[in-house]
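Just so it is clear, A, B, C, D and E label the chains in written order, and each chain counts residues from 1 on its own.
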Amino acid sequence: MIKKATVVVLILVGLLFSYVALSLPPTGDHEAPAALHVSPRYIEKAYEETKTPNMVCAVLADYRSYDTLGETVVIVVAGIATVFILGVRRPSDEA
Amino acid sequence: MTAHLPILMIVVPLAMGLASPVLAMLSTRLTRALVLLSAAATLGCAAGALQRTLEMGESWSYWLAGWPPPWGIEYVVDPLAGGLNTLIAFLALVTLVYAGPYLEKRTPLEKGTFYALFLLTVAGLMGMVITGDMFNLYVFLEICSLTAYALIASGGRRATVAAIRYLIIGSAAACMYLLGLGYVHVMTGSLNMADLMVLLPPLMADSPVMVLAVVLMAAGLGIKVALFPLHGWLPDTYSYTPAPVLAFIAAVMTKVAAYALYRIFFFVFAVAGPVSVTLEVMGWLAAAGILFGSIMAIAQRDLWRMLAYSSVAQVAYIVLGLAIGNSLALIGALLHIVSHSVVKGLLFLIAGGVKWQTGLRNIPEFVGMARHMPWTMGVFVIAAMSMIGLPPTIGFFSKWYLILGAVEAGAWVFVAVLIASSLLTAIYFFRAIEFAYLKGKKPEEVPAEAVLPARAGLELPVRMLVPILVLGVGVVLLGLFNEQLVTNVIQYALPWRLP
Amino acid sequence: MELVQPAFLLVQLVAALIALNHRDLMVAVIMFAAFSFCSALLFTLMDAVDVGFTEAIVGAATTLFYIAVLYRVKRRSSA
Amino acid sequence: MLDQGIGYYLTGYLNWWLIGVLFLVGLYGVIVKENLLKKVMGLNVMQVAVILFFLNISQKTDTVLAVLGAGEKAGDVVAYVNPLPHALMLTAIVVALAVTGVALALLLKVYRDYGTLEEPELFRRMQQ
Amino acid sequence: MRKGFGSIVLDVAFRHLAPFMILYAVYVLVHGHYGPGGGFQAGAMLGLALCLVQLVQGHDAKPKWGLGMTAGLVLACVGALIYVGIGLAAFVWSGNFLDYGVLPIAAIPAEARALGILGIESGVTLGVMGVIFVIFDLLTRDKGQGA
């Protein structure tokens, strides 16, 4: 019962998504705001400023390198968390 | 070095957190000393940054990697963000001191990973508070959430189930936030908060995309805040998590999410178009949540579960303040973020101390507790006063501002809800206090030795008692100096300056 | 008219639905691997070769983890 | 609305629609499915949908991937794809992997403790 | 997974495969500046190579190649610390955090940035390699084997 209600609600949300999609810029639009506001600088100046022809690499590891630090920390956290969850024997395990 | 304070307060716990699993394999004593030192250093950095922004009187922008904001990432420290970070660092230091006895007989590997996860949670939360970039907020949200899931899971079998349910719900929430951010990005092409403040207003009026973006972000952050119908993860999580972890997570995590909600709705979206409707809906949900949480708290016998449900209610106060949305209510909401962090952390420290010393969790078993633990229970009374909203504690002033704001806005239903909730809170806290104090007065009726195990009759060890006392004094001091707090710190964080 | 991407998206939808609804968890995991592989191809089609490459590797790692877990737990699930 | 022809809508908007549906399929998995492993899978589907959403933002017609050709010193904005969402999504993929790793570790611990991954059965065993 | 499923065929095949995997991972890392690839992909590839070692040789066989859980953890933490360390190094030459342009490792700031990117990507490689291996190792352990 609740499952069916959930599915109905999700279908309604899907209709909302579809309606909203009509207000988005169409796929592949050169005039979309996302293509005009911030990213042109990366395309035009990335090589000059970082000597890296791969713009994705320049954005990832230089312009937004702090995000990448966060990413590295997230993945290391995953390792530490796995050790903390599975690799440690603690007294409460026997309870 | 003072020029780098905003980043140092993140990097110090981050670096120490990454180093501690390695260091713990060499020497656990050294690790503990260094961890405490780094927590203190974090506190120092945060306090220094706070002081500097107070001197400058405006927000302080720090460009990471030296790139100017819309292209790079910036950190923005305003007085409230600095203040919140000081509070987070302080609570982290206090909780780490308190955690000492809990970790005594554990393996070095467990100690090292525990310290690592704890410090990385601190770094993640502090990064969320001061970041000026929407995507960076997501990354740090994930850091602090992932560490929290792992820390929660250390409380035994049931805690593991609570942790994985929290993980699934919380990651779905983060996904929703990210999709909402995608809708914002597709319409503006920017990720920087200050930049979005300029770009968004023309779009807010009539674009259906913004409605969806606002709703998705509200749902995502609402789950993290544990707003009423989305609070499902909270009671289980809070009942089974070990106390030192819980005191920090319960104190800070939901509040930081609420602060992020505040910044996104009031600064990035600037309360235009769909945001005000969403806020109104959230206000009604919060009112329902306050009543629901309070009533459920009365129904609990377990102290921890009672505190968990009271958290649902108290967090809803903050959202209610945001929903009312005038200056007084916003001051109340922001002050309540501070007040509830300190008080809830304190209450869980006390609950954890009682459990650690006597093994008791249920309120009816607390008979005579006040004679055995006079200091702890004394502080419990202060904390309860703050939760109920009695002067001179900080809880009184935050509720006072909230009620004043509701009266000014003419929202009488909200006034009624706030007052009713205070009464309900009084009921469930007085019940606990009654069992701890009054019933214990008649030892001939209930022999305390029969109720409490052999280890009882002792006050907590100093390492656990000092944090409790410090926070207890803090609750009163914050209450006494609330006016300075409002005029110096919170006033500058309002979307408009007070007249 | 470029409908290659929607076609891939449809394949992904079908794979995701099978993965979520099949009773045998091993089938679910394999379908999930197919889903992940389709994502990698689709990302590459969208000119995001970096992301596609990463997704290919991450998909391999994720599938490896899933299978490692599946090796331990019961394979059947309720719908 | 129809003056641009159905083809315009198919090429321009079909991607947005299907990505939205994919996100909701993931959400359906997270909410409705009772098996914890399937919930984690639903989470992964959601994350892939969000990544596809961002990559769809970055697309421009007739562009090449965001790597400068040999010897070029600067790019022409209309010739290269928008690199910003790619960088963001690399981070998001890694976060997704980390979440999956932690989720599976927790899941394995739950299975060792309770011997089941079905939620109703799990709650029944927790009550005991 | 105490016993690996390594028959002699797999063992020999693996012996010939592993050097190329490592070589390709290094190529992906270094070539990240000029084409798709980078630290994360290289690290994940190395991590998966280590998992392959584990699968072929098993836990108990005193692996000739490969790591234990603690070594993986140390590797992960050290990798991330390299990243943070390079970020902090910029303070000495009065740059902001992670500003590789000020580091005196190349004639002009842009080249210093390229080298800085390579440096942090190596850190990411180490970290990811360790983590993928640690997660796999723990997921395949038998119960009670954890220490």
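Going forward, a residue touches a chain if its C-beta (ideal position, glycine included) is under 8 Å from a C-beta of that chain, and two chains touch if they have at least 3 such contacts.
No experiment lies behind these values; they were computed from the predicted model shown.
K.L.:
Could you tell me which chains are in contact with subunit B and with subunit D alike?
P.N.:
Intersection of subunit B and subunit D contact lists gives A, E.
K.L.:
Which one of the chains is farthest from subunit A, going by Cα centres?
P.N.:
The most remote chain is B.
K.L.:
Of all the other chains, whose mean CA position lies farthest from subunit C?
P.N.:
Comparing chain centres, B lies farthest from subunit C.
K.L.:
Which chain pair is joined by more contacting C-beta pairs, A-E or A-D?
P.N.:
Between A-D and A-E, the larger count of C-beta pairs in contact belongs to A-D.
K.L.:
Please work out the Cα centroid separation of subunit D and subunit E, and write it as a whole number of Å.
P.N.:
One centre to the other, that is 25 Å.
K.L.:
I'd like to verify one number: the distance from the centre of subunit B to the centre of subunit E, where each centre is the average of its C-alpha atoms, in whole angstrom.
P.N.:
36
K.L.:
Can you work out the whole-Å distance between the CA centroids of subunit C and subunit D?
P.N.:
Taking the average C-alpha coordinate of subunit C and of subunit D, the gap between them is 11 Å.
K.L.:
At least two partner chains per residue is the criterion; list those residues in subunit A.
P.N.:
17, 24, 27, 32, 34-35, 38-39, 42, 48, 53-54, 56-58, 60, 62-68, 70-71, 73-83, 85-89
K.L.:
Residues of subunit C that contact two or more other chains, please.
P.N.:
5, 48-50, 54, 58, 61, 65, 68-69, 72
K.L.:
Identify all positions of subunit D at which a residue touches two or more other chains, and write them in rising order.
P.N.:
In subunit D, residues 11, 15, 21, 23, 26-28, 56-59, 65-67, 85-86, 88, 90-91, 94-95, 97-99, 101-102, 104-109 touch at least two other chains, as defined above.
K.L.:
Which of the residues in subunit B come into contact with subunit A in the complex?
P.N.:
Going through subunit B, the ones touching subunit A are 14, 18, 21, 64-65, 67, 70-73, 105-107, 109-110, 113-114, 116-117, 120, 123, 127, 135-136, 139-140, 142-143, 146-147, 149-151, 153-157, 160, 183, 185-191, 199, 207-209, 211-212.
K.L.:
Show which residues of subunit E lie in contact with subunit D when the two form their complex.
P.N.:
Going through subunit E, the ones touching subunit D are 34-36, 38, 40, 128, 131, 135, 138-139, 143.
K.L.:
In the complex, go through subunit E and note every residue touching subunit A.
P.N.:
32-36, 38-40, 69, 72-73, 76-77, 79-80, 83-84, 87, 97-98, 100, 110-111, 113-114, 116-117, 120-121, 123-124, 127-128, 130-131, 134-135, 138-139, 141, 146-147
K.L.:
Could you please specify the touching residues of subunit A with respect to subunit D in the complex?
P.N.:
Its residues touching subunit D are 3, 6-7, 10, 13-14, 17-18, 21-22, 24, 26-30, 32, 34-35, 38-40, 42-48, 53-56, 58-60, 63-64, 67-68, 70-71, 74-75, 77-79, 81-82, 85-86.
K.L.:
Name, in rising order, each residue of subunit D that touches subunit B in their complex.
P.N.:
23, 26-27, 30, 36, 39-40, 43, 46-47, 49-50, 53-54, 57, 85, 88, 91-92, 95, 98-99, 102-103, 106-107, 109-110, 113-114, 122, 126
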